[in-house]
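Each of the next two complexes has chain A plus one more chain, namely chain B in the first and chain C in the second.
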Partner chain A sequence: MIKKEADWIQELPPNQYTIEDYDGGEARWCPGCGDFAVLSAVKRICRDNQIPPEKMVAVSGIGCSSRFPHYMNTYGFHGLHGRALPVACGIKARRPDLDIWVATGDGDCCSIGAGHWIHAIRYNMNITVMLFDNNVYGLTKNQSSPTSPQGLVTSTHPSGTWLPPLNPTLATLGFTNVSFVAQTVDWNPPHLYATLNAAYQHKGLSFVRIMQRCPTFTPNLFDPIINDPTRLILLTHENGIEVEPAVEKKFKNKVVHDPSDMTGARDLSTLEGKLAIGLLFHDPNTVIYDEFTNHGLDMDAGDKLKAVREEIARFAI
Partner chain B sequence: MSGTDGSSVATPAGKSSGGANGAVVKSEQIVEIVSDSGEGAQKAGQTFGTISAKMGNGVWTVEIIPAEIKPPARSKAGASGIRVRIASDNVTNMGDEADLVVAFNEQVLYGRIEQHAYKKGTVVLLENKWAASPMAEVQKQYTEAVKEFKRLGLDVREMPLEEKCLEFMPDPRLGKNMFVLGMLCSIYGRDLQKAADEIAVVFKKKGEKVIELNRSLLQAGFDYGRTQLSDLSVEIPPRKEIPPQVVMNGNQALALGIMASGMDVVAMYPITPATSVSHHLAGTFHRAGGILHQAEDEIAAIGFAVGASYAGKTACTITSGPGLALKTEFLSLAVMAEIPLVTIIVQRGGPSTGLPTKVEQGELLTAVFGATGDNPKIVMAAATIEECFHFVIVARKLAEEFRMPVLLLSDANLATGVQPFPRPEPQAEWLASPFDQSPWQEGVRAYDWDHKTGMSTRPIPGQVGGEYVLTGLAHTEESKVAYEPEANQFGCTMRSRKLASFQSTLRTPVINGEPEGDLLVIGWGSTLGAIDEAVANLQADGRKVSSLHLRFLSPLEPGLSEIFARFNHVMTVEINYSDPADDPLVTVENRRRAQLARLIRSRTLCDVDCWSNVHGQPLHPRDIYDEIIGRLDSTNGGEVK
Partner chain C sequence: MPKTKERPNPVLLPSLCKGCGRCIEACPKDCITMGDQIDQQSGLIPVVIDYDICNGCGLCITACPEPYGLTADGYELEDPARLYGERGPLATKPDAIPAQEIPLPKCEPLVLKGNYAAAVGALLAGCRHVFGYPITPSTEGAELMAKLLPDMNGVFLQAVSEVATVNHMYGCGGAGLPCMTFTSSPGFSLMLEGISYMVGAEVPAVFLNVMRGGPGLGNIAPEQADIKLVCRGLGHGNTHAIVLAPTTPQEMLDLTRLAFELTFKYRNPVVIVADGYLGQMTGRVDLPDHMIKPGLPDWAVWGDHAHRNNLINSIELAEVDLERRNENLNDKYAKMTANEQRANLFRADDAEILILACNTPARMVKGAVEKLRQVGIAAGLFHPVTLWPFPIEKMKSLLGHVKTVLVVEASAGQLEDELRLAFSHAGIEGMTIENLRHMGGVLPQEDEIVRKVIEIQGVES
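Entry: the complex of A and B
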């Protein structure tokens, strides 16, 4: 009898995590905020990859989007404005066993934290970076961001933002040792999921720019693209990000793009009035800083003491 | 020491007696080698110091550093080189005026005279090639200088240093430093074999040929000294029984302390005079299981260290004043979120870029207070090179135990000073214990503050059931963002209470001298040796002066008010800025006092005076002595009103 049962009752592995296992505090974003979509995509990825909650650290800076770690039931680090990346790198340096996810806003990453952004790309540590790009400062209420489109009316530029926007994707593609750059949008959950999941699988720093709607300050900013599906271009390739055929079918505009093609990636990141989503660039053979920082992790006390003694002996008289 | 035109030398003092082989026996000697930069003076001096330490003498060496990297040759401002103080006893500071100086040109000597480095009778061994310079201007400068030096009472001996080296090499500029080393070895009766051995160590990377050449130069210098300078012979008997010693500078001691403390990560951004700590770690730290991360800036460096520490790995960041300014936001986060972290600050002259290579104790108040909001953190200062080593170990333990940042102050004086000290024997208990990965105890919160002490244990990522989100926002014991006003009050109270708990474990500081008297001198950091020496001389003169040296600045060591009450006057001696009390616009109320004085006044409500300057130089015992005598002999002995 018992044996028979075993044939038809599927036995759950001991650590079968469900979505609820990743539920942190109740998210306090504005209704309609694009951040909710990212949060649920990440929770699904955690479940689908069975990431033990104690082995994940969500690291962020300051901003609406940087509240992200509070809404996950994993370890989290909600630190300083602009400084998520150095913290994430420091954690990863000596804890290769931890999965590090970084949530950072366009002000957080591309303005106050821009120096760290350049260098984190170059360190290329094994972490997943999500840039929540709502083109505006949300938390501090509607100031211009470096990614605000020229002319956007904000609290600091009431007659329209003066300067042309910084393009984080193009910039990242220009940083030395870049290894994974993708774009996606908050309003296409399957693509968001597929992109972040591919980013998570990548070994090295994966940089994902997520076009994120801010219902309070930039509610209509992405309307031209949302309302005209031909303006949203899906990047496809056998080495790209795979989406389900049903999802792929919905795209009116598709471009086959080999993610090893840097020139193509740069062109696709600068389309006028259009947005290319998917994997822009991927180089699996870059230098990974973790390989240097993971040195000596399991050295025991005896070996350490021996080395210290020898070093001291060099100064003996 | 005082002069009207800056070109003065002091009247000599010191003990001596007759010794063997015609050598005069002295308890100590101060020797300088000054030159244009890049002439190897420091290498010769360091080697001379090491040989002397190996022979059992107490030693202190301090580099003479010009402000610019490449100052013009033959200029006063370009004076570069080294001072070596050797004694029969332990040496704790660079002392007052030198007894002997080797100068590679007369202009750099002018520079040192302006800094009151010499006294009447100081022997000057001066390169004489300038007398025959093809440039008439140089000839003239040289001749005039020699006349002037003699007028000042210096015992000038002109000598053909480079010419003597020409026998061995075509460009004697590169070799004369070892010739000089040989000369000094003969004058001070140094063991020539030890010197030859040391040359092998110094030039190891350059190969056997170079070692041989330098040994020949050493021998030539030694012979020259023996035949031409025998009247200068001095014997400095070694110390008696001493435990096994090591000899190094303060930054090397910090680097070794970091290794011995079991530190896992050091993250830094280069800045003088802190950088060389990382140089010492770069080739060796991995052998003790640690990593050195050169970050893109000081903020990233501390962020990296904070991240590593959050993840359960012991971490440290190293910087100087300008870098500390950049790190303050992260320091507040470490306070707020209770992340253990060691921050080492090797101070230099400020404000701003200030005097990058010079000594100052100007970061005390920034270390104690500089950060957002209320910032209880532990601040300690090493007073000796030996303490540079041991205090890193203490700092790491305190950071972990009290779950807070610990700032360890050193300075340019300790960083470049070289001194022997008892050889440390590394202990297993000095190392950090492995990070905990056992399941987190159910029901214990992320900040489960003990209400009496403020202490709590932290969950480390990887611990099942310990998941929490660290935040720099005001938070509850569960690390949830706090929306109640009381929560912030409570969190601040708990974090502050940790300092009080820690202070209750500290001992009352030891008084050097009688527990009561006319004046108590208080110092902190690298001034210990100079203050002690000045105070010892005052006590020998029958003055009722004692001193006290603080190692913990936050919290302050306990019992200070009671100690102060037993002295008529209390003053600090520091190397940072204070308004002179007699400045026309300065009043008792608006006077900006030296940093420790301000700190102690606010903590003890005692009328603590101060004496300080920002000349960028280590303090001379003589200057401290003179200042105190002046005060004791003035009518009120205390603050000039």
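Entry: the complex of A and C
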């Protein structure tokens, strides 16, 4: 693993991957979009873990964030609206050797893809899921999303959204076989990096909700939290997400939270007017479905032929 | 006075007992056993009760899941009339309440985007229930409805997906209310399952599909590649719906109004296909001289006593029943085919080259026809307002002077296929059919159409 200092080291060993190896097309999001921060964090994680670009698949659904695979020079899969998770599970089911990164948004995952979301968490395949949550539909220009705060004026709710917002972390914590739930923000790149890196290291489905502002439609969404540092709570624990001491020092409000504590995790994901970032829940001992679905990958042609013949023989008269 | 309370024995109706054995588990005296005789009526084996051992504890009665399998002997049911009052009369056949026309004052023409024009048309047709999911290039219709409907005793509901949308419409249409959605190609694909159910259950609704480039995610530019889908592939089974194809914002308004009339007339969904440009295009729109106050059909699941017997469903388990339902649908399709063929003609009365086009390409054709006429070429536009049923009768009336039909479209021949199918069914043979096609969001241009016609003319002369 190469240290982060490599960012300014000019000469690397020739057999090492650099950030440029992961650069895809020129990213075209609005200026100031948090998606850029996520893209850059993911590229650095790829570099720091030396993931061969051909061993990684970026999978997405539809939405601003779902442009993600176009901007990575890895394998990419720009799928259907709401179906990023089934596509990712489909790949992982038979290619456990590939690293799967899913880019999905609050509309993609929590609205049209909500059914798939529940079962992807339960499947718990070894993939990294990034929920880009900007609380609004940006690509179709300012419609309500399930996570829009109550009263947000959008073009489909001109007098303000009526319903209270869906809480993606709380919901995920409630799904059977959940193994890794973390929350981070787009305006703190070191924490974003540390969280996504921890998610990548986890074996099983890691679900990371990335709170972000849409610079076009919800630019002031998190102003109360950004302007009052005591409202942003850093979760710390020896089993949690480790950030550099300099970054940790900047947080005015820190809470020690054991990631194996489900009740605490639920409380921390339902704070009023505050936002807890870090590892909410981690269970390293869950059932992983791709360990079942990859059965037989090591069989050679002779083994397979033998199995088929034995099966056919059962129908002989 | 006897000290022991008289307890009723359980009474078993063998023909209603399925022999599940729950009473056997419940009986503390082991007086119930599984029988060995098949009941003649039910074909199942009921349990047997030994009344010599039974002490009438009644546990088997509470354990029995059949409403009338095991009952208590000796209890008279309380008279429901005493408990709840006199029962009302049985549901009768409800009367259909017809829609009313309300005159509108004359007003200045509006300048509206195509999507907005369709929304205004729907409002004037009495639609106050709109369901939808954001998708470019159709979202503006839903956005206008979201703004207007709450003040008009109506509702716009942003669904969680197009699958939810179509089922909201299935429910709302089943209640007899005029409802619609604005969507675009990928969203329309998701609605197909629900549309098939709505055709089967004969539920009215209006779908506006602002077609965009495909297949798959494609792009948000105009295409006409859903024509096959809306004319031949509305979900599974024997389905058809009237398909209307506007070419101007004015027609977006007029045909949306017509769509609501037709959807209730035939109790069948109606699809309007526009394209990306038409949805976004701004144009002059004149309002009609009246609006519609919707009525209430007699088949509606309306939630009052008169409509009590209504049931919305598309299931027919018996093969003969399902065949009959399909025959009824076919009769309906035949009526639509006979009565609803519509086409707009432009200088087609003496045309030798007839250009077939709909949606935005028809506008280019209109310009091309003008230019061609100036250089003395007898070209004309045939704009099928209904893509299904194809207006073959109108086409037939022109074939005396038409030498060639040129199909101009933004798809790989889907409109041409409709023409060829219509010719084939009508037994018309030997007509020369030429085409000018574009895909992916590229539209046929006026000059290109002119050149194509001159080329055809050159070959012919």
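Simple rule for what comes next: the second predicted complex is superposed on the first by the 303 of 317 C-alpha atoms of A that agree within 3 Å, B and C clash if a C-alpha of one lies under 4 Å from a C-alpha of the other, contacts with A are read in each partner's own complex, and residues count from 1 in each chain.
The definition used in the following text is that contacts are C-beta pairs under 8 Å (C-beta built on N, C-alpha and C of every residue); 3 or more make two chains touch, one makes a residue touch a chain.
All values derive from a computational prediction rather than experimental measurement.
S.K.: Quick check for you: in the superposed arrangement, does A:Ala301 touch first (chain B), second (chain C), both or neither?
M.R.: Only chain B is touched by A:Ala301; chain C is not.
S.K.: Please work out whether A:Gly273 is in contact with chain B alone, chain C alone, both, or neither, and reply first, second, both or neither.
M.R.: Touch status of A:Gly273: no partner.
S.K.: Who does A:Ala93 touch here: chain B (first), chain C (second), both, or neither?
M.R.: first
S.K.: Based on the superposed arrangement, let me know which partner A:His119 touches: chain B (first), chain C (second), both, or neither?
M.R.: The first partner, chain B, only.
S.K.: Quick one: classify A:His78 as touching chain B (first), chain C (second), both or neither.
M.R.: So A:His78 meets both chain B and chain C here.
S.K.: Kindly classify A:Ser159 by the partners it touches after superposition: chain B alone (first), chain C alone (second), both, or neither?
M.R.: After superposing on A, A:Ser159 lies in contact with chain C but is clear of chain B.
S.K.: Let me test your reading of the model: by the given contact rule, A:Val57 touches which partner, first (chain B), second (chain C), both or neither?
M.R.: Touch status of A:Val57: first partner only.
S.K.: Of chain B and chain C, which one touches more of chain A's residues?
M.R.: Larger number of chain A residues touched: B.
S.K.: Mind working out whether A:Lys141 is in touch with chain B, chain C, both or neither, as first, second, both or neither?
M.R.: In the superposition, A:Lys141 contacts chain C only.
S.K.: In the superposed view, which residues of chain A touch chain B and also chain C?
M.R.: Residues common to the chain A contacts of chain C and of chain B are 62, 78, 80, listed in rising order.
S.K.: Tell me, which parts of chain A touch chain B in their complex?
M.R.: My answer: residues 24-25, 52-55, 57-59, 62, 69-70, 72-80, 83, 85-95, 97-98, 115-116, 118-119, 292-293, 295-297, 299, 301, 303-305, 307-312, 315-317.
S.K.: In their complex, what parts of chain C are in touch with chain A?
M.R.: 133-136, 139, 142-143, 146-147, 150, 156, 158, 160-163, 186, 217
S.K.: Chain C touches which residues of chain A in the complex?
M.R.: Residues 62, 78, 80-82, 107, 111-112, 114, 137, 139-141, 143-144, 146, 155-159.
S.K.: Hey, which residues of chain B end up touching chain A in the complex?
M.R.: Touching chain A: residues 50, 53-54, 244-248, 252, 256, 259-260, 262, 264-265, 267, 284, 286-291, 293, 295-297, 299-301, 303-313, 315, 329-330, 333, 420, 423-428, 431, 459, 461-473, 480-481 of chain B.
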